[in-house]
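Okay, got some structures for you below.
Next come two complexes, and both contain chain A; in the first it sits with chain B, in the second with chain C.
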Partner chain A sequence: MKTLKAGTRLKSAACDTEVMVIRTRPEPVLLCCGGMEMIAMDGQKAAAEPDAAFAQGALVGKRYVDEQDTTELLCTKGGKGSLSLDGALLVVKQAKALPSSD
Partner chain B sequence: MNIVMALEMAADCHPDRIAVTSGTKSLTYGDLLRAARTAGAVVRDSGCRYLGLLDINSPAAPVAIFAAAYAGVPYVPMNYRLTRPELEALLARIEPAFLVAAPAYVEALTMPAGNRVVSAEDFLALAQGNTAPATEAPGDPSTVAVQLFTSGTTGTPKAAVLRHENLMSYILGTVDFAGADDADAALVAVPPYHIAGISAVLSSTYACRRMVQLPNFDGATWLTLCRDEGVTNAFVVPTMLSRVMEHLDAIGESGALPAMKAIAYGGGKMPPQVIEKAMAIWPAVDFTNAYGLTETSSTICLLGPEDHRDAFTSADPEVRRRLHSVGKPIGTVEIEIRDAGGKALSAGELGDVFVRGGQVSGEYLGVGSLLDADGWFPTRDRGFVDRYGFLYLDGRADDVIVRGGENISPGEIEDVLREHPAVSDVAVVAMADEQWGEAVAAVVVPREGANVAAADLQDWVRQRLRSSRVPAAIRFRNELPYNEMGKVLRRVLKEDFRDEAQPA
Partner chain C sequence: MAPVRPLAGLRVASGGRGHASDYARSLLASLGAESDSPCDDEADEHPALAWRRSGLMALTGRAGGAARMCPVPLTSCADGALAALAALGDGLRAAPGSGATLMGVRARFAGLARQGATSPGGTCRLLACGDGHIAINLARPDDWTMVPAWLEYDGDADWAARVAELPAALLLERARLLGLAAAVSAAPTPRSWLELKLHGTPKAPRPRCANAERPLVVDLSSLWAGPLCGQLLRELGAHVVKVESSARPDGARRGPAAFFDLLNAGKASVQLDLASPAGRDQLRQLLDRADIVIEASRPRALRQMGIDAEIWLSGRRGRSWLSITGHGRQGDAAEWVAFGDDAGVGAGLSELMHRATGERLICGDAIGDPLTGLHAALAAWASWRAGGGHLLALSLDAVLRHCVSFGAPRSDDALHDRHARWTRVAKSRRNIAPAPLCFAPQSRARPLGADTAAVLSDLGLRAA
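Take a look at the complex of A and B:
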């Protein structure tokens, strides 16, 4: 369990996935990728593959949110593992596309 | 949260896609990342505390924006059109700076001893040289990414501060990552020292879109470059679009731009005649009006393509007038209109425009934050929101004419005068008046060949607006003074009326 902060970057312990926290709730959460808790950017990866139940992949550039919409992550690097919060899979947030203004 | 994240993601997903084209030179996103990391290490090791740019647009500009982030210092692009004393004052304020500057702009200057000066060519050579690249950007989300000097029309230029979290909040809130197609290309015609020049680099990078730079704008070159480079997106300030229209009129060509998909405009008030003409010439192009300020990391409101088409084809005056609107706030910001006492106003009521959101910095170096306790920033723009939620601007608070206690916006008088057949351009300003404190004064540019008397124009206004709106004095000029971003220099026009003794 970790207390997350907006702007914090984390990486997967089980695949290439990297994320940045956009917003979150103040309580500690268990943020996982591939079924393993995500680690600091300079942390040591585990010698493990993503858990089959959490291996649908994370896509770069996509926003991921929990069902209660308390936490939002930006995937900054894609990987094989799926993102989950306190055991529940995060889903891709469909953002309304804005016309290019610059 | 750092702007280099946008570049790292782009270079990771599309390393071989062209990031920037400038004349015959180009850099891929992979090249741009390597150059920014290498130049970042050079700047970091120099011990300089700023990375300045004093030059027209070139590939050195996008490299410098990201290199500054890798060096952990603010990027400070400056206006190369300033006078020598103005530039010397700014350069002293950023000493010691690593300054990328064209020799022609710095030759005549007294350079502060702590500033290290290199040309854009030498900077790019360093960026592509053998220095070990910086791999990570230092600092945290609140580190200053960009410092922009305001135009300083009312005094010493203020240094507006934009932090990584402000700029990234804007980019993440408005741009789809890698949303651009392989063939997409955005034409960047605004200068690098303008906020639109910064946001063009950041938005294009996050969208993985190719930037095509046009360092010295003119209507003919803009059209040629659009065609030769297959430009699909362009941002223009209103005067640029006017010049393109004038050029098409002058040479009588169709103006066909087969690749163009979307044109965005902003940075000043768009004359309705110009946008309507552009929509008629390019019916397939999506037009977007973007309203934003330096202090808000660029765009806060958008009038999108659908809104343009609805307004253009509608017979309902309330829908039709949306072409004069700057649209609705983007999802990540809020707008509030307040009266002079700070009370929030309702739909249709004119007041001061306030804005709130993560991209709003509202902060100046040495002055501090102008945000109130609830995070609202006073834009100093006047405006109202209609019952559909569209924001209409009504000039700058500083331009309001206070005549005998009555607040008069120059905009409504200018709009009426512009409809007169003999008027080509017009600006309305305040002039000192013994009886009223301030009075309405107008500077009019007559249409070529047209002959019109001041009294006729005064009658024209009297028939359409309240008598307090009738200009007490009218001067004629061959053209109005504009800055390069298309803003009328009202202070210059006010000077014209300083010694006004006689009514027109």
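Take a look at the complex of A and C:
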């Protein structure tokens, strides 16, 4: 379990996936990729493959949210593992609406 | 590798004396065409008057302060790009100043005004950071939700104060990771406006008049640059189908109607559900019929839908694929988002304005958009005339850097001298009205999806 903060970058222990936290709740959460808890960017990866139940993959550029919409992550590098929060898979959020002008 | 010159051997009439005419000829030369100058060469309008006439002078400067002169002839570049396009095709009323008028038209329709270091549209801010100045353009409503993550702070504090503490390189890197449009203000460096690659064999060159063979343009772009390009091609005789995703229609539909009409009236409107396999299949079939594709997305976005520019080009001879990006299609830069105002800062305009005036300013209104749209139309029509087969890659960054480096003063002294002289020239006239547009909408733009069934059935495709 870790307490996350907006802007925190994490990587998967089991695949190439990297994320940035966009927003989250103040309590500690268990954020996993491929079924293993995500680690700091300078952390040591495990020599394991993603758990088959968490291996649908994470797509670069997509934003992922939990069902209660408390936490949102941006996938900054894609990988084989799926993202999950406290055991539940995160889902892809709809792409940003275009601006009316720029 | 030698650069591809699609118009090699073509002689076109391109006269005139001055910055705009010189710029037109330099663009035509970069495409391989030779310019024949008629003997009755007329002088172009002075770049300072052109800047003021376009409306951009009134849009540059502090609110309540003086309207500011741009010390590089950007509006002349717009006129030159339009003149070069008119030299290759029929149907545009390219009067002197018509290209420049396009640069100020959005602000005129929307009633925008200058706001100093904030863009006239209000979404782009030029902010002081730890070691310089950075532009951040929070144009999409959702972009604001990314700011706490961008700055690693709790979201309640003054975000500009947080920006002031952090170094530019870190802010830029994190903005790019988050898909936010950002640019560091720096001195301008030149870039080539167009990357052009030949894929397969072109068809025979085509005549300037498109009556015999009207290209089918599928326009997947939104906002300003891409739609302007499509509209210019339509004026030159193309049949243009504007394709929008049901989930993410063109955001400009929510802006001033007159502006949306200007860029999109006369195009057929097709709406597809690109989230569904059936919708993506319809898009692929529609693209299969197209002669020219205009898209302004990151290459990754179309690839994720199974659409690949190079494969499409090799599917049939004579096609042209026009890609408009923020920073190009290659490497990491392919992922970087840019909009018109931040791209102007990244290309060095705010640095030039600061050296000339001492003020930190956004220059013009979404300045990368109309310039890129004009250059994109030139590239697309040149490729069509040359028989196609080209992947044409333009970026807001490259087009702006190319324009900024055209006729830029070589020293700070020359910059100050020119700024002072051009400011006097601009103020020497009392009233100065914009030049007429090179096209005017005859009608309203089609409602979203109004032509979906008709277009699909015309092309023998199944409606959903």
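Note that the second predicted complex is superposed on the first by the 97 of 102 C-alpha atoms of A that agree within 3 Å, B and C clash if a C-alpha of one lies under 4 Å from a C-alpha of the other, contacts with A are read in each partner's own complex, and residues count from 1 in each chain.
The working rule: a residue touches a chain if its C-beta (ideal position, glycine included) is under 8 Å from a C-beta of that chain, and two chains touch if they have at least 3 such contacts.
Since we're looking at a predicted model, the values are computed, not measured.
**Student:** Applying the touch criterion given at the start, work out whether A:94 contacts chain B, chain C, both or neither, answering first, second, both or neither.
**Tutor:** It touches chain C, and chain B stays clear.
**Student:** Have a look at where A:7 lands relative to chain B and chain C in the superposition and call it first, second, both or neither.
**Tutor:** Once the two structures are laid over each other on A, A:7 reaches both partners.
**Student:** After superposition on the shared chain, which partner residues are touched by A:74: those of chain B (first), chain C (second), both, or neither?
**Tutor:** both
**Student:** Taking the superposition on A as described, I'd like to know which of chain B and chain C A:61 touches: first, second, both or neither.
**Tutor:** A:61: touches chain B and chain C.
**Student:** With both structures superposed, pick whichever of chain B and chain C touches the larger number of chain A residues.
**Tutor:** Per-residue touch count on chain A favours C.
**Student:** Could you tell me which stretches of chain A are touched by chain B in one complex and by chain C in the other?
**Tutor:** 6-7, 9, 20, 22, 60-61, 74, 76, 95-102.
**Student:** Along chain B, where are the residues that touch chain A in the complex?
**Tutor:** Counting only chain B, the residues touching chain A are 1, 5, 8-9, 12-13, 140-141, 165, 172, 174-179, 186, 196, 199-200, 203, 207, 233, 235, 262, 264, 266, 286, 288, 290, 292, 298-299, 302, 304-305, 330-331.
**Student:** Considering only the defined contacts, which chain A positions touch chain B in the complex?
**Tutor:** It comes out as residues 6-7, 9, 20, 22, 60-62, 74, 76-77, 95-102.
**Student:** Quick one: in the complex, what on chain A touches chain C?
**Tutor:** My answer: residues 5-9, 20-23, 59-61, 72, 74, 76, 94-102.
**Student:** Can you tell me which positions in chain C touch chain A when the two form their complex?
**Tutor:** 106, 110, 121, 123-124, 137, 139-143, 145-146, 148-155, 174, 177-179, 181, 222-224, 247-255, 298, 300, 304, 335, 339-341, 366, 369
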